[in-house]
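These are the structures, in structure tokens.
Two complexes follow with subunit A in common, the first pairing it with subunit B and the second with subunit C.
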Partner chain A sequence: MKRLRENTILLTFVLPAFLFYFLFVLVSASGGLYYSLTNWNLLNRSYDMVGLANYVEALTDDPVFIQSLLFTLKYVGAMVVLQNGLALLLAVLVEGRKKDKPFFRTLFFMPNMLSLIIGGFMWMFIFTRVLPYVAEHTALKFLDQSWIGDPIFSFYSILILSLWGGVGYLMIIYIAAIQGIPAALLESAAIDGAGPFQVFRHISFPMILPAVTIGVFLTLNSSFKVFDAVYALTGGGPGRATQVVALNIFEEAFHMNNRYGYASAKAMILFLIVFLITMVQLWVMKRRELEA
Partner chain B sequence: MKKIMILLVLGIVLSLATVHAGGKAEEKDGAAATPQKVELKVFMSFPRFKEQFETYFEQFKAKELAEKNIDVTIKLEMPNADQANQILKTRLASNDAPDVFTLHAIADIPSFYEAGYLSDLSGQPFVNYLFDSVKKTVTYDGKVVALPLESLSWGYLYNREIFSRFNLTPPQTLKEMEEVIAVLKRNNVTPFLLAFQESWIPQLMMALSLGGVVSSENPGFIASMNAGTGSYNDVRAVFAIIDLIMKNGSAKPFEVGSAAGSADFANGKAAMWVQGPWMAETILKVNPDMQIGVAPLPVSNNPAGAMINLATSTSLAVSPESKNRQVALDLVNYILDETSSAPLFEALKFNPVASMHTYESFPWVEEASEYVAKGKAYQDLPLPGGVTGETAKMLQSYYTGSVTQEQIIAALDKAWADSLKTASN
Partner chain C sequence: MKKRIPLSSVLVLIILAAYGIFTLFPILMGLLNSFKTDGEILTSILSFPARPSWGNYIRAFDKTSYLASLFNTILIAAVGLSGIILFGSLAGYKLSRTPGKLSALFFSLFVFSMLIPFHSIMITLTRVSLKLHVQGSRIGLGLIYIGLGVPMAVFLFHGFVKSIPRELEEAAVIDGCGDYRIFFRIVLPLLKPIIATVAILNTLWIWNDFLLPLLMLTDSDTYTLLLSTNMLFGEYNNNDWSAILAALILAMLPVVVLYLLMQKYIINGISDGALKG
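Up next, the complex of A and B:
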């Protein structure tokens, strides 16, 4: 009886947030599921149910979609490794500072407070105006690249922008985790004569594994759905060289033939992929975590 | 219990709000002397002309009040052109249609008409004033369904000053174009400005070359594509001029958008730019002394292939669901009012579309009109929107070398077939 009461109280606290989540995410998502079975073009008043035809077409007869999926996978791979690696590195470095800790923490977290669209315009300026200028006036000739126009370099530009915007957030999570390590463990390791690297490898890292699980989960989740960074910087271009799945869906729904139903089907496929991969990731990593 | 109370209160507040909003619209009938109140929702993709239209609508309000005793309030919505189409479609689909809205004559009229979102305006007074050539562009299924605002005589832009410095005249064939390019290069002038950051700009090359090739050599192309029997392989000649432009263009085109491109062109960084006269205002802002020329793009060694594109882009339509249809029609007719219309169109730097537009036009419009007078012109081709979008992406990729002509042809054929599939339901 007491348990039930407790649960009710907890649920009441969640209710406002859940209500909004339900109305604006779950309801619209189920709408998307419904439209994915139709051939609606966003304009016509009537449309037909086409069953799974949209799904079949997306997976078998749409090289552009598959190509955007592959590009997204490449991006996700790079982001999971780099974003978590860099965030962890920054967290360790910032934690190692004495007095100026809050300063550096704020500094690295700052880009996270800007919208990536705005960040995109700033970096656009850097890539197209500042870097060529620097290359022209210094010895750093390698900076003079077509950062936005070359398919290879534009991938790096997108990575740089995303990392710049995203690393700070994960860094905060890792800092919190590092601070949660009991000092006694670190001290006894130091007394036993462990060096800084050994301490990190055998004590700190295993202790912060739960944070790594969260970090990888967040990165996986957000990188699969990446839109704003690519949209602001390259718009998926040149051509479709840097088109990620979200951008491909957006283009299908609003730019090309307005195949809204078909775009919804692609969105559902993306959802299923993200869902499966993050579930597997959580399952695998949860098993490896230690209880402190 | 408390929760239920809160919900109840919320519900009451919400329903009150709707009642209030509904009440406002019903204040129509009053004593005969008090003017009738009408609210019009107007949706235009012209944020750059906000001021001009607001002033113009004030004039309309005064006229409507004086002549019909109707007090009109106009709720003007002006989103950016690149988002306007999405916003408009969502509004229409959610049964929240603006009374009067702008759309693209060539790209949007067919699909909007088929979906039933356009009123038949054939019997309206403004139709009598329209030039025949312009009227054709807003006629669909035998009915005039929109009022043309922006009409164009479109060719690529060139820098008249650079051309006259080297005694060049706009080339009419590919061979002449090669000679012009050779002269420019010998004098260290970049022949073409490339601004490919926004994909609609490279797409313009294909629009002009396809128009020229189709109109001069393959007039049945559009019909055969719509019948599902044609292929872009039939008009492969379109790539000749595109290759020539890309090979002789400025460096790093993907870092340059339309604004930066206008500045570069105005500052004489290149002699020619495949863009359109709609950029004139932006270019002249950078360099007021710039002498802009407009010429037809050569597409083959047959001079007849170099033609000016006659197009109507932004047009004004009336929603058939408008609750204040008569006032909406009055507003549309007032756009082509006998006395007020000419100053508006002149201030907007639009081309004349109707008989009352007697103002003097710009030199580049005159230049294009000379070609039109010689019969070197064609009506803009009715391509499906999806094909234009696909062309834009493909030409960007073509420049970077990641797709071949074969792949472009296949992709465009597929995009066309897709558009037939979506249009037919």
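Up next, the complex of A and C:
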């Protein structure tokens, strides 16, 4: 009887949240899974079950989608290394400052507050107007590139924009991790004659390694889903050279043939990738906890 | 003893200053050129405006229906935020305090959905919202944000409630207090720190979200700041930079002001959210 009463009260507390969650997330997610097995598109009223045909087509017969997967992979790889490396470097340097520490922290984090749509348009101005101007009027001739129109350089511009927006976020996480290192540990190492590099290598770095794991997986997760930065800066161009998976899904569903069923299959593939990454993350973190 | 500045500290300062310039460069260039005419941008992009004028701002203010867009953004965020905080804290609290299978099932359902990328549900979500008649409506969009945002809020509240002792609630039960009264009178005030974190994370997310409003809002009267800015950008298509830059500065203004006023809370909220989430 007590259990029944308890569960009834539980339901009244959980239901409002669950209702919204059910309507907009669960229904959409399971609907997406179902439609991914159909040939549903906006042009036809009826549709049929086609099994895994959409998945097979996406992975074997859709060079554009496969290219967007490969490009996203390249982007993710670059971001994991550069974003975490830069954030860690800045965190260590900023944390070593005394009076101007809050200033640098505030400054470096600021771009993270802005939408990458706004940031992307701002950088578009830099890439298409300011840099060519600087190249023309100064000795910095190498800046005269087709930053948006050339496939290789547009990859760099997307990276620059993404790093500009994202490094500050990871830096904050790394700063919190560095602050968690007991001061006594660092002091005793310094008294024992360890130099700043040795202290970092043998004490600070091992202590913040768990935060690095978090940082790497946060980057993996967010980079696989990248959309705004690419949409604002290149729109996936030139041609489809910088089209990422999320943009490919968006175009397939809303701009090209409205092949909702097919686009849903691609969306499920993206989900599986992100799901897999998280599972690996949980496994890695669990193993580390057991070792510790 | 003579004070000497070690070389390494100069090097550190140079690196930090260089990254600072990188951070500010696009914003400063945008600000500087937003006060120039298009001709002046063409001929002297790096110099201070010869005759600074507010003309671009007036044009951008007009073109983006700035006040209306700002109001729309605030309305959507307010609906989403109040639902996320109220429903999220109710659910997170009770799930944390109730043992048993049903409670664990609900909790794992909420947590599982945090793994689903938005892009994986957006196609069906547009159909669902059409069927539920929330498509095209600002309030409706706010309601969708409740659904999308509530799982993480439940997760954060659930974790926080675990750290508050039960004694107060138990004493209230003995005094004959009902469940809802206990929640609103006793528990909710104790949740203030985590409410702040949830509020900051979700405000930033909703304020800066672009794709969902793009899919949901069709009438330009209902556009958010980002959508109006995007529309203006598309219209001038990389040409009328003076107006575009002014619009960009206007669009980032509310967030930058908020950040400078509340940066301590925001940075704490962000790092709390990231490390617990």
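By our rule, the second predicted complex is superposed on the first by the 249 of 292 C-alpha atoms of A that agree within 3 Å, B and C clash if a C-alpha of one lies under 4 Å from a C-alpha of the other, contacts with A are read in each partner's own complex, and residues count from 1 in each chain.
Here is the rule we use: contacts are C-beta pairs under 8 Å (C-beta built on N, C-alpha and C of every residue); 3 or more make two chains touch, one makes a residue touch a chain.
Bear in mind the structure is a predicted one, so any value in this text is a computation, not a measurement.
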Touching A:256 in the superposition: subunit B (first), subunit C (second), both, neither? first
What is the contact status of A:214 with respect to subunit B (first) and subunit C (second): first, second, both, or neither? second
Which holds for A:25: it touches subunit B only (first), subunit C only (second), both, or neither? second
For A:41, using the defined touch cut-off, is the partner it touches subunit B, subunit C, both, or neither? Pick first, second, both or neither. first
Touching partner for A:134 - first (subunit B), second (subunit C), both, neither: second
Would you mind checking which one, subunit B or subunit C, touches more residues on subunit A? C
Kindly classify A:149 by the partners it touches after superposition: subunit B alone (first), subunit C alone (second), both, or neither? first
Just to be sure I read the superposition right, which of the two partners does A:237 touch: subunit B = first, subunit C = second, or both, or neither? first
Touching subunit B and also subunit C: which subunit A residues? 128, 254
Touching subunit A in the complex: which residues of subunit C? 8, 12, 15-16, 19-20, 22-27, 29-30, 33, 41, 45-46, 83, 86-88, 90-91, 93-95, 98, 100, 102-103, 106, 109-110, 113, 115-125, 127-129, 132, 143-144, 146-148, 150-151, 153-154, 179, 183, 204, 207-211, 215, 226, 229-230, 233, 238, 241, 244-245, 248, 251-252, 255-256, 258-260, 263, 266-267, 270-271, 274-275
In the complex, the residues of subunit A that touch subunit B are 12, 39, 41-48, 127-128, 146-151, 235-241, 251, 254-259
State the interface residues of subunit B toward subunit A in the complex, per the touch definition above. 3, 85-86, 89-90, 92-93, 111-112, 114-117, 196-199, 252-255, 384-386, 389-390, 393-400, 402-403, 415, 418-419, 421-423, 425
What part of subunit A is in contact with subunit C in the complex they form? 3, 6-7, 9-10, 13-14, 16-18, 20-29, 31-32, 35, 89-90, 93-94, 96-97, 104-119, 121-126, 128-130, 133-134, 137, 164, 168-169, 172-173, 175-176, 196, 214, 218, 224-225, 227-228, 231, 245-246, 249-250, 253-254, 260, 263-264, 267-268, 270-271, 274-275, 278
